[in-house]
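Chain nomenclature is as follows: A, B, C and D, assigned in order of appearance, with residue numbering initiated at 1 for each chain independently.
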Amino acid sequence: MHIISQFLILAVIFCDFFLLSSYSTFELVKFAALQGVLTALLPLMAAEHFAAEGIAFALSVILLKGFFFPFVLRKLIVKNNAYEEKKREYSGALSIAVYLFVFFVSVWLSIKLDLEVKSLSWIIPASFMTIFSGLFLIILRTQTVSQIVGYMVLENGIYCFGSAVFVQQPLMVEAAILLDIFVAVFVMGMAVFHIGKEFNNSDSENLNELREETGQEADI
Amino acid sequence: MSFLSSFLYFYGADNFKELSLFLILMPTVLGILSFLVSSNAQRRSIIFIGSIFHFLITGILVLTLANRDLYAVSNFPVLILNSFSGNIENAVFLSVVSLLFSGASFYSLKYLKLEEKNIRKDDEGFLINDEPEAVFTGFMMFFLSAMTLVCFSAHMGLLWAAVEATTLFSAPLIYFHRSRRSLEATWKYLVVCSVGIAIALLGTFFLSLSGGKSGGSLYFYDIISQAKNFNPLWLKLSFIFFFVGYGTKMGLAPLHTWLPDAHSEAPSVVSALLSGALLNCAFLGIWKSYSFMRIGGLGEFSSSIMIFFGIFTVFISALFILNQKEYKRALAYSSVENMGLMCLLLGISFYVGREAEKLVFLSAIGHSLIKSGMFFIAGMVLFYYKSKKYAEVGPMFSKTPFTAGMWFLGFILLSGAPPSPLFFPKLFIFKFMLLGGKYFISALMIFLFIIIFAGLGKIFYETIFSGANNLQEIKEDKTILFPSLSFFSISIFIFFAFFYFSRGIK
Amino acid sequence: MENIKIFFQILVIFSLAPILPGIINRVKAKFAGRQGRSIFQLYFDLYKLINRGMVYPKVSGIIFKMAAPSVLAFTAASAVIMPFGGQSGLLSFSGDFLLIAYFLAFSRFLLILSAMDTSSAFEGMGASREAQFAVFAEPVFFMSMLTLSRITGETSVYGIFSKLSPDLWIQNAPVLSLITGSLFILLLCESSRVPFDDPDTHLELTMIHEVMILDNSGTDLAFMLYASYLKFWIYASFVSAIILPRHSDFFFSDSFIYMSGLFFTSVAAGVTESIMARVRLLRVPQFLLAAFSISVMAFVFQAVKG
Amino acid sequence: MIIILLVCVLFLSFSFLNLFLSSYSNINKINSFFSFLLSAAGLFACAAGLISQGSFLPFKSQFINNYFYFDYLSHFFLLIFYISLSAVSLYSAGYLKKTEGKKSLNFFWFNFYLLAFSMQAALISKNSVLFILFWELMAFSSFFLVMTDFHKKEVRKAGFIYMCANGAGALILIAAFSLYSDSYYNFSVSSYPSAVFFMTLIGFGLKAGFIPLHIWLPEAHPAAPGNISALMSGMMIKMGIYGILRTLSLLSPWKESWGWTILILGSLSAVLGIIFSLGQKELKKFLAYSSVENIGIILIALGLAILLNCNGYYELSVIALFASLFHIFNHSIFKNLLFMSAGAIAQSASTLIFEELGGLSKKMPYTAFLFFIGASAASGLPLFNGFAGEFLIYYVSFSSIGFKSGTFSVFAVLSVSLTGALALASFAKIFSALFHGGLKNENHSDIKDPSLYMLLPMGFLAFMSLLAGLIPYLPFKLLFSSFNFAFTQSSQWISVSKYLLMTTCSYCALIMFFLAFYYMRKRISKENETKEGITWDCGYGTSLPSAKYSAASFSQPITEFFSFDGQRSRSYPKILEYFPKSAFYSGNTRAVFYELFYAPAAKKIKKAASRLSFIQSGQLRFYILYIFLTLAALLIWKI
């Protein structure tokens, strides 16, 4: 049990690497889905006994993050032909630098918070890494679809952190949180669908009309 | 009359739980119903009846507060609060939400009728067709139920889910006008708030972690009773994450970026609710974590953060109001400023003692009422003059005198002049700053308030007195401004009541 | 006995006023080597003018018609308040120098208004220059009054002059001499003598005081001239009361010394008039500011020592 | 004192009554009649209260008592208020006749009554919260009154500056009042006296309008209609002084530094005020600056009172306080008179620029006479009431020059005397520019004296000014004997009243002289006839009215000497050929403080604000970055 969870955590960390470095949205969606499935399996591995509702819950998360979200996002990508991220010449080096930065920050944080889970040694840094990479995905990518993916990765990280520290919530609350995530992604998808219809490409560059003009000040 | 009130009182206290559950679910049911119903007129009546009903029941529930010792039963671990005794702020914010919602529903009755006939161009010239009204009414009711859930939740996780739900339900409302700019505003609103709320979720996990290695329970009752022996490091971390998370939703300084866009692009009914009710609900999150910190003995840590961010928010909003070109964005920034003030006041109330929290209530109620009234009027101004920039809005003084009068009365109330309830919080902030010997900060605050007054004054002044008066005669509709008139008079009444009853705070 | 003395004083003031300018003209003539007009020439001019008819400019209004008697009335009233060289004038009370100064200011106000009423460019120019000089002259007067009242501890002109005595001179000689200097400059400026304004010039653009009464004629002109002579008497009595403060309780000797003081000041004025040329118009403010700084220095000396 | 409260309530009810009534025909007459009636009633009640001094006892009902009080200070200011209000209300019946037809004046009268109510209520309110409530009410109602004809561009600019000054003042006052330690928000002793003093000085200074804070005054007064600028300058400026006096009466141990600040501020605004007014080209702007100068004189007297009190000469300091109050009383009378006559001229000649006016004395003899009384009173000349206030200041400073630390009185004497001389020059210029010479342009031929409604109050005020000027002892005794009766037996009071009486008999001597000379001239001119001729013009024979020495050229030597920025923005062509065809000269003084200090500062603030607008850059990605940065900053800073 222990080794498998160890491998799962390593897989999560590598998913982060691929997420940060890949520039095609299809790959992004694929790896995010993979990461979702992995994080869903984690609590099962870590927990000693298999409570019934625990399995049902994990299955629903796998179903949701593994299959339904990628299906919706793939349709969106096709609809808005948001296949490719504009590659700048420095983007390769930048993603590596960001990955390393995220790695060191999360390791520093987990040491500083002296929160080491015996059974799953690397779970806390992994969850912090996923959270921060989710954030940086939203910051670095211009395609709106990849920003949704960034949000999903952020949720995966938080979920992974929650399962790592065995936070047992009443089922109702777990369900509410999952439901919220599902609705959030769904509404974002709807929004991107409308953006696509409006601007016929869902690049976030054309979404910067609302800003403060500098320069023309009204005189007193 | 006394028999009726005592009957209502006992009835409310007995089955508090059933009533609160009913209060949460009733709007959702009505929301689904409005999707099924065919004609728009019925949908509008649904909203109106729902909100009036909601307001009545809230009145009954809040009435139970009147006699605290009768029902001092402590709220044992259950998801939904079963009495307001422990936390008055929930009651205050709930009453504000329901009052605002009833005003908004009355306003939207007329507004939706006007919008239907009013085909107008977007800024880029695209024809604007609005969302089907079913979507609007439906999501309005879902929005109401989400906010009621926030006020009733007794469990931090549930609170988080409810606040996330309010974000999701209000997103389509912003997108009512289907223009490019409102789409952009919705997208930014969604992403920024969801990321913020996600961080708040992390804060919830930290809070439960601080309860013990194996994760303590997140019920308010448990947290309050065992807060003293929480692990201080984790508690601090949880407060920081809560502060950043709910601060984004509440619109504190560096995280406020979504607020002006969302408020200026949304229809005025929605921006009134956003500004009046939603920001308060987000503030409820910070208030809860602040009270945990205070009980846990780390009050000083949290209040220093809150004071710093309060002043920083007022600073940023002052600078942005100064060069503002559009009046709706100026109103949004003044909401940001007011949220900063409330955060500052809560921080100060740690040093001065609990009854200073009365001032936070006063500023919350006052701001919500006045700001939503102003947004109603802004909606009508936009409808009359078809432009958001104050330079293009004609001289309201001669064209639409009644709206101009209300517009200026709202400005006077917003600026914190005495008849407005926002006067006492300002007076108290100056008293605390000066007595505390912080002369530089108080001088800075005076300067910032003056800049805000001048900035807002410029906008209201230009809209009322100057402008190209080549527009044709405008038929002014007075009855639609009844809600803002009633909100303004309630706030002025609150000012005099507070002045008469409060014997001043040392 | 008391009111006889007062009556004598008033008689002396109103009768001997024109003699002092006569003395100045005579001194100037002597300096220029010519015989010069007799001292009493001004009396004959006044007499001639009083009996002449008057010509009012069509444009002028009521102000111009009422100006001449009121200017003379104000100057006469302030002359009456002036103490007669150490003895009390008709009515002296604390702060009476204020009334003197402000009565003269009112007469200047009316003079300017009557000049402007004729709406002639020359009179306007003279009036504006007169107003400018007044702005710088007034502080000099009040500054020297301040110093004098600080020295003597009195607040009325009569009190100051009765307190002034030779031994007071010995104690603070420098201060008093500075004060006399600034008062003498004030005398020249107020009565528009040479360094500031040439009384008997013919070019409308250069005269200041004369041009304001250009359009007056007949009795009005007589009143205006007589008022300027009275003004000279008042300022000269300030200077003479300081340089010759003699107080024997015998009335006649005191008034005689006071009259000789007046004689000496008018001679000094005549001498300065003949040796100095007119000061350029832009330099006049600096000249008056010099007088002002002299009186300020006097005050500082006195304040430090006192 | 029930009457005063009743009058307050009636004013409030009339204002709302006006709002709902539709605009009927002679709205002005009825409204002005009612407001005159009410203010007259208030005047009698106040005067009776002051004289009998029995009226200061507290009220029976407790509710009124802990929110309002009637002590000497509020009584004195109420008296002044009622005088100017009754005059203005009668005056506005005539003044508004011209604008009656065009637009409905309901809103105007609503604000007029509201302004009257809020001023009275502010004067008698003991509670700081209520005081600020009435203060804001006054500020906003007067703002609306100033904006009555808002379609003009410069009126809008002036209105905005006025609103900002009021808003800033009110905010500073809120900060100052927060320091009062009374739990019922009443005015009471405070634990930080100098902090409270300086903040209230700035807060009320923005209303009183002394030099550094006066920028709104020369903008707002010309923009307001005639009767409103009279009321504003006559009474509203005094509210600022009332505020300062009220705070001083609360902070018991006065400090020397306060006295010096007020004295220096007073002399600065006196001298600079009158210098600025010299350069003005428009009558109302000129009168506004002369109000700044008179406020300066009032503050000088107040500064003297504080300094004397600190050095222990209590009796003299009370006399100095009387001097400032007396000058407030006199100033509100003659300033009202001047503004009303300016309104009369504006109504008939429809312009107040000096260059376009001239020769009005033939067309408007009564206004000319009343303006003459007002002008000579304003320049502090003896026969009129401007002089009485300054006389007291001189008396106090001269009797205090002898004390060891008497140097402050030098300051006072110098600034008052310099201001007196400058005021004389400026009012001479104004009077001659307006009333002398021929009519400048032909469409002024239909000018005639204003209607009786306007002349009556102006006459009443002129009579009051003459009365207070000729017999200064009468109003002095009436106004100040009730300060505290014990004081009237003190030596200083007796000597001051003796000297005031002496001034009266010297005036008799003056009048006697005048009659004698006038009679002499009449007798002589009977024999030889008086002819009409043209003014002496070196024989050119062309006495055209435009050759008159205009106002700008009259004040040119003085303003040239005092102008700070040197190039007083003059413009005239360079004359090249020997016989120049045409030449012109136009120069105007800039509002120095506004253009050199406030406007650039405002521009800098705006530029700094716009530089910060990159935060709202429109890029969603940066918004998320801000969240991350705040999170990181908090973590690093706090953990």
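By definition in this document, a residue touches a chain if its C-beta (ideal position, glycine included) is under 8 Å from a C-beta of that chain, and two chains touch if they have at least 3 such contacts.
This is a predicted model, so every value here is computed, not measured.
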Top chain pair, ranked by number of contacting C-beta pairs: C-D
Distance from chain D to chain A - Cα centre to Cα centre, in angstrom: 69
Between chain B and chain A, distance of the C-alpha-averaged centres to the nearest whole Å: 30
CA centroid of chain A to CA centroid of chain C, Å: 99
Centre-to-centre distance between chain D and chain B (centres being mean Cα positions), rounded to whole Å: 45
Sites on chain B at which at least two other chains make contact: 187-188, 191, 195, 233, 237, 260, 320, 322-323, 454, 458
In chain A, residues with contacts to at least two other chains: 135, 138, 147, 204, 207-210, 212-213, 217-218, 220
Interface hub residues of chain D, defined as touching at least two other chains: 160, 164, 606, 609-610, 613, 615-616, 620, 624, 627, 639
Pairs of chains satisfying the touch condition: A-B, A-D, B-D, C-D
Complex interface listing, chain B residues touching chain A: 79, 155, 157-158, 160-161, 164-165, 167-168, 171-172, 175, 180-181, 183-188, 190-191, 194-195, 198, 201-202, 205, 208-209, 214-215, 218, 233-234, 237, 260-261, 264-265, 320, 322-323, 325, 454, 458
Contact footprint of chain D on chain A as seen in their complex: 112, 135, 138-140, 142, 147, 204, 207-215, 217-220
Residues of chain A that touch chain B when the two form their complex: 113, 115, 131, 135, 138, 144, 147, 151, 154-155, 158, 161-162, 165-170, 172-173, 176-177, 179-180, 183-184, 187-188, 190-192, 194-195, 198-199, 204, 207-210, 212-213, 217-218, 220
Touching residues on chain D, where the partner in the complex is chain A: 160-161, 164, 599, 602-603, 606-607, 609-611, 613-621, 624-625, 627-628, 639
List of chain D residues in touch with chain C within their complex: 359, 361-362, 365, 368, 372, 376, 379-383, 387, 391, 394-395, 398-399, 401-402, 406-407, 409-410, 413-414, 417-418, 420-422, 424-425, 427-429, 431-432, 435-438, 495, 498-499, 502-503, 505-506, 509-511, 513-514, 517-518, 520-521, 524-525, 527-538, 543, 545, 547-549, 553-558, 561
